[in-house]
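Two complexes follow with chain A in common, the first pairing it with chain B and the second with chain C.
Our next item is the complex of A and B:
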C-alpha cells in the first residue's frame, strides 16, 4: 500500500488550496477527487463576507471589521474557529499561491471590491483577479461601456447596465451587443470557454476590438464578459487595453466560469509542480477509522477498488452541492466518505424555507460536519472522531454561503489553517 | 370600460374553452374571462390522462361509457393534442385477484375495447413493469396536452369572433330583477375593471364555481378534492399504466413528453387556492410507483403539484371523496334558485369536456329559445401544426438538421430564442410562466437553472421593460417553480437546486436587485414581504399536461 504524508479528498478551492500549501512544505501529498469542485462554476473571486446582516442590501466595504457582528448573528459559522490573524494568513497565502500560479489576484482582508455581477447586482468580493477588479464600482462617477456578444446567451449587457444604473452607484453605464467574428461567427450556442480560446487568437481579438472601437468613444472603461483568454489571459487583457487605449475589465458569466477555470488550472499546475500527485475522476468510496485514526481510504479506479493510506487526511468534499453530503427521501443526511456525524434535521419540512429567496438562506445549506476548534470532526461524545482527520470548506456545519457571500473565503481560510496545522507551521496569534 | 356579449363564460379551463368554441360555432357572440392563464386551474394540474373509461367501468358505467365515446371523438378532433399511448390495467400482487374478470366484463359492457395480454407480452411492451404482475389488460387510454388543447379551442373559437380575456378575475356578478345581466372583471395585473353585459352567464369556474355562484345569491356546493401528482425525470413507460383494482391513491402512471407522472391522492381541502403538498403524499406516490415499477425510487422526482377536482354535491360532502360523483353537474339556476340567465357546469372529467360543453350549450339554447345544433364532434380543431403531437424529439430533429434557427435558450426542452421572441411579441404580458406553458421553457431536469436568467435578459432586451420588471418576472418564476420542487427535494435534485441557488443568489445577486412592485414603486427583494409578488399565479405549480381526472 502506497503511503502519503497527507491525502486531500476533493479538488474544490478548499482542497486545492490545502493541497498546494502542503505540497510546498515538502510533504508527499495526494489530491484525489471525483470531479472538479464548484470553482469551475463560481465567479472566480474569493468572497470573505459580502453582507452583514446577510439580508442587508448594502455591500460591505470592510469584511474583516464586520466579522464579529456576522458571528454574533451566525454563531455556528465556521469562521468562529479562526482568529483574525489566521484569516489574514489564509488570504495572504492564497495571494501568494495565485501569484506562483501565474494568476494576478489582488485584495486585502479589510477591503471588498465591489464588482458588477452578471445580473447587474453588486458583487462584494475580497480577492479577485485584476481583470475583474477593473470593474470596481467606486463612487467616482465615470462612464462604463458594457459589451456583450449576441451569440453568447449567458450574458445580457443591457440588463446588467440598466440594473447598475437603477442602483445609483455613481457610475453611468451603457450596453452594446456586437457579433462574434470568425472563426466563431454565427455560432449561436457558443460557450464562455470556447470564446476564451478564441480570444487567444490575435486575429479574432483584432476583429472584436474593431467592433468595439466604434462604440467606445467617451467611455472611461470597457466591461466584457469574462472570456478574455485562458492560459494567455494576461497577454489578452494587456493587448485589449493597449489597442482600445482604455481600461478593460471582465464581468463573470453563468457557468462554466472562465476565471474559475483559470484558477483551477493554475492551482493544479502549482500543486503538481510542487511534487503533489493528483487523481481526478476517482470517487472515494469509503474510509476506515480504526483505533482512533483513519487507516486508509478506498478509491474507485477503472479496474478495481484500491486502498491508500497516509499519516493525515483532509476531507474537502463540499456540502450537498459538492457531493460531500448526501440526502435522501427519508430525510437522512450523511457524510459520504467516513459517515461522520452530521448536524442536520431529519424532517424534510425543516430543510427549506417556503421562499426560494429566503432572507437568511435555506436551512439545509447549513447542514454539515461538526468539528473541534482544530477542524477535526467530532464523534458522538464531542471527541475527535479520528486523530488524523480534518474537515475544510463547505462540508463544515454552519457554512451556508449564498446569503452572506462567504463560500470561497471559508474554503481558502479553513484550507490554509488546516494545512499549516498538519505541516507544523504555527499561526501567528 | 364596458363590453357586451351574448354569452359570458367564466373560467378558462378545458370546460370553459370547450363551451367558448361550442357557443361561437353555434353563432353566439361569446366572451371568456379567466383569472389566470388558460388551463391555469385544475385543467393544468392533472396527470394528462385521456381516459378510456376503464378506470370507471366497474363502479360508474355511465361515466365509463361517456369516457370511451368522448375518447374516440377527441382523437378525431384534436389529434395534435393527444398521444396514442394506449393503456394497461395491471394486477399487482396486492390487487384483488378476481378483479380482472369483473373489470374486463364491465369494460365490454360499457363499450370499451379491452384485450387481456400475457404477462410476457406486457413485459415485452413495458420492460420496467413489475414481473410479479399477474394479469394485464390493454385499453385505449392516451395522454393529452392540455395547454395546446385549450389554446386550440380558443383559437378555433376566435375564428368565429369569440373573445378571451385572460388575467381577469370576476369581482362582481350583476343582477337585475332576479336575472343575471353581466359581471365585472378586474385585470389582476393593472387593477383596471371592465363591466361586461351579457344575455347569459355560464359559470365554468370548476372548484371555484361555488364561490362565483354565491355572488348571485345561489347556494352551490362544490367541494375541492385535492389530488397530488409527481413528475419523474424519465419516461419509464410508453403506455399509461393503471392498477387493475378499485380506484385508489397513486394508481395511475402516465407518460407525458420526456417524463412520467404518477398520481394521485384524493384529499378534501377547504380552500381551492391553498392546498399544501404533504410528505405522506409524496411517500405514498413513491411507494405506489414501486408496486408498478420496482426501480421507481431510483429515478429522480422532478416536481410535485396538486390540482383540485371540482366535486359537486347537493348535500354536505361525506368523508370519502372517492365516493362523491366524478360525473358533471349542469345547473339551471332559474329552476333551482329563481335566478335567471345563469347556468353552472361543474365536475366531470377532462376527457368529457366536449360533451359537457355540448350539454351546457343545449341548455343555453333552450333557455334563449333558439335552436342551433352542435357541431363540435365533427369539427377538427385549429392548430399551429396540424396533426402533429408535440414531442421533444421533433424539436431535436429540427435542431440537429439545422431547421431550428437561433440559440438554444432552454437546453432541457430545446427551446430556441426565436421561439421565445415570437411568443413575447405576440403577448402584452411579461410572465415567464406563460412561456413555460406555451413552450415548455424551464420544465426539464434543471428546472430553469440557466434558462430563466436568459429569458429575463431577452425579455428585457426585446420588450422595452425596465430592469426592475425583468427582475420581477425572474423572481416570480423562480418562486413559482420552488413551490413544486420543494416537496421532492433530496439527493441529486437537491444538488441541482443548490446549483440554481448558487447561480441566482451567489452569482446574480437576485436578492439584492430592485424589483418592480405594482404601480410605479420599486423595492429590493429583501425590503418587502415577497408573498406580494406572487399574486398573479395562485395555487401550486401546474402540471406538464393537464385537466381533471
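Our next item is the complex of A and C:
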C-alpha cells in the first residue's frame, strides 16, 4: 500500500493551507480531493470576523478585539479552540505562504479592510490581495471611478456605485461602462477568466486605458472588476497604475473568480514544488479506523478502488455545501469519509430559519464534526475517534460562516494549527 | 448491434449515470475557470455551458442545441476539477457524437485522424517515403488544403519496423525473450506499434528485468481517436475486439499493462463511461488494466521493484498529461523517476499541452491547441533541457514540435537507469 507521512482530504483553502505547510516541513504529503475547492469561488480575501454581533449591519474595524464577544455569543464556534497567538500565527503563515506563491497579500488580525463587493455592499476582510486593498473604503478615500465592461454581464458598476453612495460612506463613486476592445470586441459575453488572459496582452491594456482616460479626470482612484491578469497579475496592475497615473484597484466578481484562481494556482504550485502530490477528481470513498487509528483510506481511481495509508490524516472536506457532510430525506446528516459523529438536528424543520437571509445564519450551515481541543474528531464517548485524524475548516461543527464571515479565517487558522501540531512545531511565533 | 440506452430506463447504466450527473451541477463555474480551451478562444463557451447546462436540452429525439461543442478538446480537466462529480467531458463526448449523427456526415479528415491504425498500416511499410513526403513543406500545404490537417501540426515519423514485427520476428526468435510463470499482457497501442517501437521495447525490457514474461495478444487500436472524432460505432467495434482478446488473459489472472496513458484510460474508463459497454468482460478488463508506471510503482510498494539503478545525471522537465491525470492514480512516473540516483525532474505545472489527441491536428483548431499549450512549452523551454519527458504520445509530439526537445516516455529513462536500453 502506498504510504505518505500525511494525507489531506479536500482542496479548499483549509486543505491547501495545511498541505502546503506540511509539505514545506519535508513531509511526504498527498492532497486528494473530489475536485477543486470553493477557494475558486471566493473573493480571494481571508475573512477573520466581519460582524459582531453577527446580525449587526456595521462591519468590524478590528476583528481580533471583537473575538471574545463573538465567542461569548457563539460558544460553539471552533475559534474557541484557538488562542489569540495561534490565530495570529495562522494568519502570518498564510501571508508567508502567499508571498512564496507569488501573491501579494496584506493585512493584520486587528484590522479589517472594508472592500466594495460586486453588489455594492461593504465586504469586511482581514487579509486581501494588494490589488483589492486599493478599494478600501476609508473615510478619506476620495472620489472613485468604477469601470465595468458591457460584455461582462455579471458586473454592473452602476449597481455598485449606487449602493455604495446610498450607504453614505463618506466618499462618492461614479460608474462608467466601456466596450471591450479587440481581440474580445464583438463578443456577446465574456467571462472574468477570458478577460484576465486578455489583460496580459499589452495592446489590450492600452486600448482599455485609452477608453478609461476620457472618463478619469477628477477621480482619485479607479476600480475595475477583478480581471487584471492571472500569472502576470502584478505586472498588469503596475502597468495600469503607471499608464493611468492613478491608483487602480480590483473589485471581486461573481464566479469564476480570478483572485480565487490566482490563490488556488499559487498554493497548488507551492505545494507541488515542495514535493507534495495532488490527486484531483478522485472521490475518497471511505476510511478505516482500527484500534484507535486510521489505518487507510480508499480512493476511486479510473477503474478500481485503491487503498492508501499515512501516519496522519487531515479531513478538510467542508460542510454541507462543500460535500463533506451528506444528508438524506429522513433527516440524517453524516460525515462522508469516516462516518464520524456530527452535531446536527435530525428534524429537517429545524435545519433552516424561516427567513432565507436569516439574521443569525442558517442552522444547517453550522453542522459539522465535533472535535477535541486538538481538532481531533470525537467518538460517542467524547474521546478522539482516531489518534491520527484531524478535522479543519468548514467540516468543523459550529463553523457557521455566512453571517459572521469567519469562513476563510477558520480555514487558514485551523489548517495551520493542525499542520503545526502534526509537524511537531511547538512555538507560536 | 447494441441498442442506444433509453433515457426513461429506470435501471441506470453507467452511461446514464454520467448523463444524469448534469443534475449535480450547481453552476459554480469552477470548470469554466479551468477549461484550457475556453480560456484561449471565444469559439468555445466553456464546459459548464455546453456540458451540464446544454445537457437538459439534449433530448435524443431533438436536434442538438449548440454546435460549439465541437470545439471541446476532450482533455477532461473539467471532470477533474468539478467538486460535485459532474462528468462534463464524458457528457461532451457523447453530445458530439449526437451532433455528428445529425449532420449525417463526418469529414473525411476526421475519419482519417480517427484511424491511427490504418495510418500505421499504410505508412509503416513505406516509412522512408511516407516520412519524406510528410516532412516536405509543399506536400503539407497540399494536405492542409485538401484534408484540413494543419501544415505545422506535429505529425510523427512512421517506424519501418513495427513493435509487433520486432517482437515476433526478432525478440521471440532471438531466444532471449523471458519465459516465466509471472506474466503480464502488453497493450502496445498504435503509437508504440507504428511510430515509437522504442517505447514498447523499453517497457518490455523493464518488465522482463522484473521477471515478467510478456504476452502480446492480438489487439486493435483502442478506439479513442475514433471516439473523440464522434465515430462511436467504429470505436465500439474496436473496444469489443480488444475486450474479447484481453479478457481471456484476465481470467487467467494476468494484468494488462500499457505505455500509452490514453489507450489504458480507454480500457479502464472510456469503454464503459463513454461507449456504454456494460458487460462483465468490460469490467474485468477495466479493473485489471495498468499504466506501466502504475504497475511498477505497485511493485515498489510491495518491495518487489528492482532498485539496481545506475546513477543518471540528468535534469529533465516532465509533463503529466491530462489523460494520465484522469486515471486518478497520482503521478507514478514521477515517483519512480525520483528513485533514480542523479535524476532531477522539473514537474511542469500547467494543465494541458493542447493537442488533446487529434484536436490540435485540425486546421481550424491548430492555433487553439498551440495557445492552450503555451504555458507547457514555456516551462519546458525555461529548463534549458534538450530532452523532456511525457507519458502520452500525442502530447510528446506536440511538446517536441513546439519546443524542439527530444521527447521520451518515463519508462525509457527507467530502462536507461537499469542499463537495459539507452534513450
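The rule is short, and it goes like this: the second predicted complex is superposed on the first by the 426 of 429 C-alpha atoms of A that agree within 3 Å, B and C clash if a C-alpha of one lies under 4 Å from a C-alpha of the other, contacts with A are read in each partner's own complex, and residues count from 1 in each chain.
In the analysis below, contacts are C-beta pairs under 8 Å (C-beta built on N, C-alpha and C of every residue); 3 or more make two chains touch, one makes a residue touch a chain.
On a predicted model such as this, the values are computed, not experimentally measured, just so you know.
Here chain B and chain C are compared by how many residues of chain A each touches, and B touches more. With both structures placed on the common chain, the touch criterion links A:381 to neither chain B nor chain C. Using the contact criterion defined above for the overlaid structures, shared-chain residue A:323 touches chain B and also reaches chain C.
Of the two partner chains placed around the shared chain by superposition, neither chain B nor chain C is touched by A:217. Of the two partner chains placed by superposition, only chain B is touched by A:364; chain C is not.
Judged by the touch definition given at the top, the superposed model places A:280 against chain C, while chain B stays out of reach. Legend: residue contacts after superposition of the two complexes on their common chain; A:348 is shown touching chain B, with no touch to chain C. Applying the stated contact rule after C-alpha superposition, one finds that A:255 touches each of chain B and chain C. Contacts of A:405 after superposition: chain B is touched, whereas chain C is not reached. After overlaying the two complexes on the shared chain, residue contacts for A:40 are found with chain C alone; chain B is out of touch. Taken together, the two structures place residues 38, 41, 189, 255, 323 of chain A in contact with chain B in one case and with chain C in the other. Those residues of chain A lying in contact with chain B across their complex are 38, 41-43, 51, 55-57, 59, 117-123, 151, 153-154, 156, 158-159, 162-163, 166-167, 188-189, 252, 254-255, 319-321, 323, 326-329, 331, 348-349, 351-352, 354-357, 359, 362, 364-365, 401-403, 405, 407.
Across the complex, chain A is touched by residues 279, 282-283, 286, 297, 301, 405-409, 417, 450, 453-454, 456-458, 460-461, 466-468, 470-471, 475, 478-479, 481-482, 486, 489-491, 494-495, 498-499, 501-514, 522, 524-527, 530 of chain B. Here chain A touches chain C in the complex through residues 1-3, 30, 33-38, 40-41, 184, 187, 189-191, 193-194, 197, 231, 255-257, 260-261, 268-269, 272-273, 277, 279-283, 299-304, 306, 322-323, going by the rule given at the top. Only residues 28-30, 32-34, 38-40, 42, 45-46, 79-85, 265, 268-269, 286-287, 289, 297, 301, 325-331, 335, 347, 349, 375 of chain C touch chain A when the two sit together in their complex.
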